[in-house]
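Per-chain numbering from 1; labels A, B, C and D assigned in written order.
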Amino acid sequence: MTDATTTGATAREEKLASANSRRARIMGGVLIALALLVLFTLDVAPGESATFRLTTPRDAVQIGDLVVPGGPFNMIAAALLAFLGVRQFLRGGARWTNISLGIGLAILVMAFLVWATAGKSFSLTGMLQATMVRAVPIALGGLAGVLSERVAVVNIAIEGMLLAGAFTGALVGSLLGGWVGMFAAIAVGGCFGLLLAALVVTYRMDQIIAGVVINLFVLGVTSYVSSQVFAEYRHLNNAPTFRSFKIPILGDIPVIGPMLFNQNLFVYGALILVAVSTYYLFHTKNGLRARAVGEHPRAADTLGIDVYKTRYFHVTLAGMVAGFGGAWFTLGSVGRFDENMTNGRGYIGLAAMIFGRWHPVGALSAALVFGFADSIQQKLALLNTPIPSEFLSMAPYIATIIVVAGLIGRSKPPAANGTPYTKE
Amino acid sequence: MTDKRPDLKDVNERMRGLLARTTHGRDDFEDLVIVPVFAVIVALIFGALIMLATAVDLPTIGRSFVALAVGSVGSLSAWSETLTASIPLVLAGLGLGLGFRAGLFNIGAEGQLLMGGLAAVVAGFSLDFLPMVLHLPLTLLVGALVGALYAAIAGFLKATTGAHEVISTIMLNLISFRLLDWFLRQPFIQREGRSDPISKDVPPSAELPRILDFIDVNLRLHAGIFVMLAAVALVYWMLFRSKIGFAFRASGENPDAANYAGMKAAFIIVLAMGTAGALAGLAGATQVQGVLGRASPGFSAGIGFDAIAVALLGRSHPVGILFAGILFGALEAGGRQMQVDAGVSIDLIGIIQALIIIFIAAPLLVRSIFPWGFRKRRKGGEA
Amino acid sequence: FTACQVTDTGGIDDAGFNQTAWKGVQDAMEMDSEIEGRFLESQAESDYEANLNSLIEGGCDIIITVGFLMGDATASAAEANPDQHFSIVDFAYDPTIPNVLGQVYATEQGAFLAGYLAAGMTETGVVGTFGGINIPPVTAFMDGFYYGVNYYNEQKDADVSVLGWNPETEEGLFTGNFESLDDGRAFAENLYQEGADIVMPVAGPVGLGSAQLADELGTDQLKIIGVDADQTQTDPEKADVYLTSVLKRMDSTVTQVIQMEKAGEFEGGLIVGTLENEGVSLAPYHSFDDAVPEELKAEIEAVKAGIIDGSIEVGM
Amino acid sequence: MDVELRGLTKRFGSVVANDHVDLQIRAGEVLGLLGENGAGKSTMMNMLSGLYSPDEGEILIDGKPVKFEGPGDGIEAGIGMVHQHFMLVPVMTVAENVVLGVEPTGRFGHLDIKKARAQVEEINQKYRLHVPPDELIEELPVGIQQRVEILKVLFRSADVLILDEPTAVLTPQEVHEFFGIVDTLKKAGKAIVFITHKLHEVLEISDRISVLRQGRITGEGDPKTLTEADLAEMMVGRPVSFTTAKEPAKPGRTMLEMSDVTMLDEADEMLLDHVSLTVRSGEVVGVAGVQGNGQTELVEAITGLERVASGKIVFDGDDITTASVRERHKMGMAHIPEDRHKSGMVDSFTVAENMVLNSYYSPYYSKGWAIDWQKVNETAARYCVEFDVRTPSVFLPGGALSGGNQQKMVVARELERETKLVVASQPTRGVDVGSIEYIHERLIASRDEGDGVLIVSSELDEIMGLSDRIYVMYDGKIVAEFDNTGGKADRNAVGLAMAGAHEGEAA
């Protein structure tokens, strides 16, 4: 039917018509639009520079400020965006789409910051430090999610476990000191993990219902006790906090030092836990078994792996991680418990887990994106940008949506996620 | 071949057999009646234990339970309060349940309710030239529509980019709180002469009239209850009778099969999210048009989150959601009375709600606590 | 004689205006043993009306409601029950309702003093503030603070800058909630990173988180100015970090109102708390009493007198 | 190692899956196990392997009674089972799957993947399995996956190997190689239980045959003396005909015409490479090929489940290249999907709902926007009777039916409509002989009513038996076409074309 002359043309059309190429072209268009946006709306008055402070006068090693000439920088940013866009539009392969978009968004954020900061200054190091701090509970929540969803137990209860950890940390911490408080928070988190496991594994309750219910229960109990008891006995809700301590030498490195090596126990704890659980899940015997249970429990069962025990263990572990994360709110931050003080951070942790593709490092990175958006909006609010504060404070949420929609696409959970397993 | 085609009489016989409906067995009865009753009892006992643990004395505990009963079902005004509280819970719960049926775990009812309610307020005061017969339904409709649009954002993102709806609806909730704060200080919406964030009033022609005020003006039950009942019927029809509901359920249960059957996944996701959002928006609209009369920061008061529990408790079935919503409404109304009469914090109600759901959703647990309440299952069957 | 209070959704222990108003009721009870006090907490806005109704049936002589959120509910309850006396804290009706007495406060006056103090005390030349949400009851504090600093700059030819609020654009730093202590810490840290050594959080309990940060950093690095109540009382564990507090003396006006009602002198209308009638004021310096120079103390007294006699205007 | 089952009984609710079964399994022998769908074969073997625990009866190994608490105990005792549905984790590598549960470890439970790989290689060599240890399971063809399953069992040094329908998804070549492996194992002294629905396979490989019917052993025999017909009758309880009797085809107008159709995957690799084919009314066209050579994509292209990158598809004179699934369905295209569990049905839906899964919207079943359930239920009941779908009620969830009956339900739904073209993909996979016979009859009946029928199957016998014309697919291309009127195509030539040996040869 088709004669020889058109074959070459159709081959090219074939390429263009494939769904991914279409997405690549759309993304190319988006990038070009962003370039125009940077060029026309983020124009900086000539001669104005943005100053990013890298050290504070208190730091041991002093380095100068990062001074960025606004106009030229944003011209270059627009040019880069345009280049990426055109490249993507003309010959974007599937693999390049996400990378280009990631780079594009990063450039956009930088251009925006330079624009907002033109003629002013703020502490870049401080912002990064805050990014880390704000990311901690979310990263730990996400890690808890990873641990339990890797064995195919959906963990909506992270929010409740965080809250329980925060509460226990405050109560026990007030009575017996920070360390005991922290271990108690871990233990209580573990108890709720165990409860979740019992409900979904042994009593085969719907996993989502079980999670929602634990959240309700913890919220109820902690709010009840805090209004019925804490209001009267204030000394029960006055815990010591873990202060930040600088790791010698490393902590003095400019920019990176304050962000990673001059923080409190919880930040170090989160980083270590992420590393340890990555090793555990992907390089140890038990990690392999856990993942097998999450992907194909029946297969694991036929090989003599106890599916129930594995689920109990990991969900309890997840609870302990979340309990530790919860303790951050009280022992690692403000030293006292307040009703519903986690305020949805557990759910955001869940988002971080999905965004991080059920991988501990992914969850941490996602939490950092969120923390970054959160701390950037606080800086922007100080810079007197003409954007209403309500919109600035939406930034972390909008960033999350954009990243999830634009960069991730469909990510795949462990195959058996959410399904109960019945032995005969 | 002919010998394998059974004769007509035989065919009719067999068809009749295939079409005979089995009557509900004892197991259904146990699941639908005995389990919930036990669940409520156990939850109340646990509640009492928690009060004991926090040094509440026995007479106070007794008084609080009496208050809980009296405040929820003990009088006409208690019933009025119970039903009033259940209206938005049921409406939003229906939306969530419908989403669950279509395989969408929508956590966004809170935000959809907020946006829908705000839109209803705006429509209420800006369309006040209309007569009530138009104004009232139109205002409800605007609430539903805006709720639907807000939810459709998450649906659209999932359909086009695969963004997980759990994430996007959580984020949209958080965004909606900020949006509301912002809207409430815009001159167009903020009430004249007020410096605090409060919207203009919903005019009487857009208010859902109180239906029991001929008995007592303080009875707050409003016409939203009819909206609620109509929605229950509509959602039931939609899910189990209509074509689109069939598609919702099929794609919820098995997206591959739905795709095979020519159902358009993207369309269904957006439509199911939109419908869920419309119901949540309607919940917000009835709340502002029937109870609050205006919008102010956080007027949604967590209804959207409680509705998740209601939908789950009602097993995503419209009738189940109706009962679950009324149960939650009763606990809320009773809890208020409990606080007044016995001085026990209303947070206890949250605990009891959670416990009830645990026991209802895990029949196995109730069965193992009350083994004598249930007939023994056949040997070899599930535990 | 019974005085009843309905809280808004913040609850009785909000370390803010519900708690302060309740303190007013308790003070009244202490002064007069015939007075009995009760309160009801509201979980949600839809509770206001129900709570009011249950109190109206419960034989209260005066019902005190708290917060602008309850404005509408109080007004309709008052209209439906013209014989019941109400008083609402932090809210004014225009026109007034005969059986409701509104209590409002010129907080910017107190905050002006705090701003002047902060400007006099800062070592870095930078002070900061942040709010809960961008609404006038909150921004009145921030305005006063800002203008107080500016007044100091004018008088002393100094160059102290205020971070977190700009009265011209009416934009600034807001947490978006009145709950998250953790935000209180993070927002104070943000200001601290930009050089502020005195921070005034205007977001109810959120400020407790800021106090925690100051406690950790040490008061040589960061001091906090409390709002509403004397925070050294409501937050005794961290009392050392509060330079002072801008008092909105809701307790004193509430006690006054209860006593008026008891004496049969209740009259609907409005009480405005000002520096003049002590409805707003600056709390003692407590642990900073020695640190604040006598000279500055005297200047603040002078500024206060100036505001009272009208020679100094709050605002520009 | 010899194994004996005595009086083994297992019930699922009211279903008695195994009813006092006695069976002997001997070392160095292949025992063929036959039975209809739902006869209880898998259940019995699951008890033997320790996955299920018997309600009654006992298992003796070398004369000693044993009791298994779980599959771990079974493995310990030397019993290994290759399950009917693969028990492989798709996102893990071959080596990981093989060592799962008996992992070689270093310090801190570190997984020694190098050692694992070496061990896998060792068995690979010994039994000549040729399995790549580092590939992800999901990227391997089913034939190789099957070998991974066997490797898993051998890795645990099992002496008794239970193979539950291992050949269901293999091509003739793969079956041949597989039998080679079974022979090696037998010679190594292993006892083997071999379950299948393919009678000639049992006769070829078994030393002894047992037949299971409704949970009981109903016959035993020697493969040397039995014929396929004997076996079929033992299984089903009545004589079964194997060759579908059919008239010569009377091809009419062109029903489906694909010209130069190309399909690309996400990485722009060709899945379909300029495929052209035609199906005329009144003929059965078979597409033969080893699984994974583009047949799935071919069906997706025809039925509209995937977009094609280029080319043209014409259905009864209308260009449907860009038409939706539903439009094609409305125009009279029926589609029996290759995997009923995955996409052909909704397990939780009732039989009635499943019967209208893709036609619920049609005016016939509608009352305005609502579905006329009365009509749906009646139609479903009629279909059930017509197609002998064995279910007590149309209100039972479809998932509660046995596999064979589920398939009949899907086939009934697709064939009972007014259709012009039937696209049947693996229509009889995992279905017992009785049902296969019936489904084949109905497909021929559709042809005789003037439909075009396109059958895609990896069962060469099925293709040879049913088709009037045969296309062979290899690597996304149509590599050969054979005329099979009166069964005249050369089975060997087709098999060679499937293996990609030579291209061309027109009818």
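Remarks
Heads up, the rule we're going with is that a residue touches a chain if its C-beta (ideal position, glycine included) is under 8 Å from a C-beta of that chain, and two chains touch if they have at least 3 such contacts.
This is a predicted model, so every value here is computed, not measured.
Following the contact convention of this document, A is the list of chains adjacent to both chain B and chain C.
Compared on C-beta pairs in contact, A-C and A-B come out with A-B as the pair having more. Ranked by separation of Cα centres from chain C, the top chain is D. Taking each chain's centre as the mean of its C-alpha atoms, chain A lies 36 Å from chain C. Centres computed as Cα averages put chain A at a distance of 30 Å from chain B.
Inter-chain spacing, taken between the CA centroids of chain A and chain D, is 44 Å.
We define each chain's centre as the mean of its Cα atoms; on that basis chain C and chain D are separated by 75 Å. Of all residues in chain A, those that touch two or more other chains are 227, 339, 388, 390, 393. Across the assembly, chain B contributes residues 178, 181, 345 that each touch 2 or more other chains. Shown for chain D are the residues that touch two or more other chains, of which there are none.
Under the stated contact rule, the graph of chain-to-chain touches falls outside the line, ring, star and complete shapes. Contacting chain pairs in the structure are A-B, A-C, A-D, B-C, B-D. On chain C, the positions that touch chain A within their shared complex are 11-13, 41, 133-134, 163-164, 166, 169, 171-177, 179-182, 184-187, 189-191, 193-194, 205, 208-209, 212, 215-216, 236-237. Those residues of chain C that touch chain B in the shared complex are 9, 40-41, 43-47, 49-51, 53-54, 58, 68-69, 71-72, 80, 94, 133-137, 176. Contact residues of chain D toward chain A in the complex are 46, 49, 51-53, 70-73, 75-76, 81, 83, 86-92, 96, 100-103, 105, 108-111, 152, 259-260, 262, 264, 266-268, 276, 307, 309-310, 312.
Remark: chain D residues 10-14, 55, 304-305, 324-326, 329, 335, 337, 342-349, 353, 357-358, 360-361, 366, 369-371, 373, 377-378, 380-382, 384-385, 388, 391-395, 441 touch chain B in the complex. Against chain C, in their complex, chain B makes its touches with residues 81, 84-85, 177-178, 181, 185, 193-198, 201, 217-218, 220, 287, 291-294, 296-299, 301-302, 333, 336-337, 339-340, 345-346.
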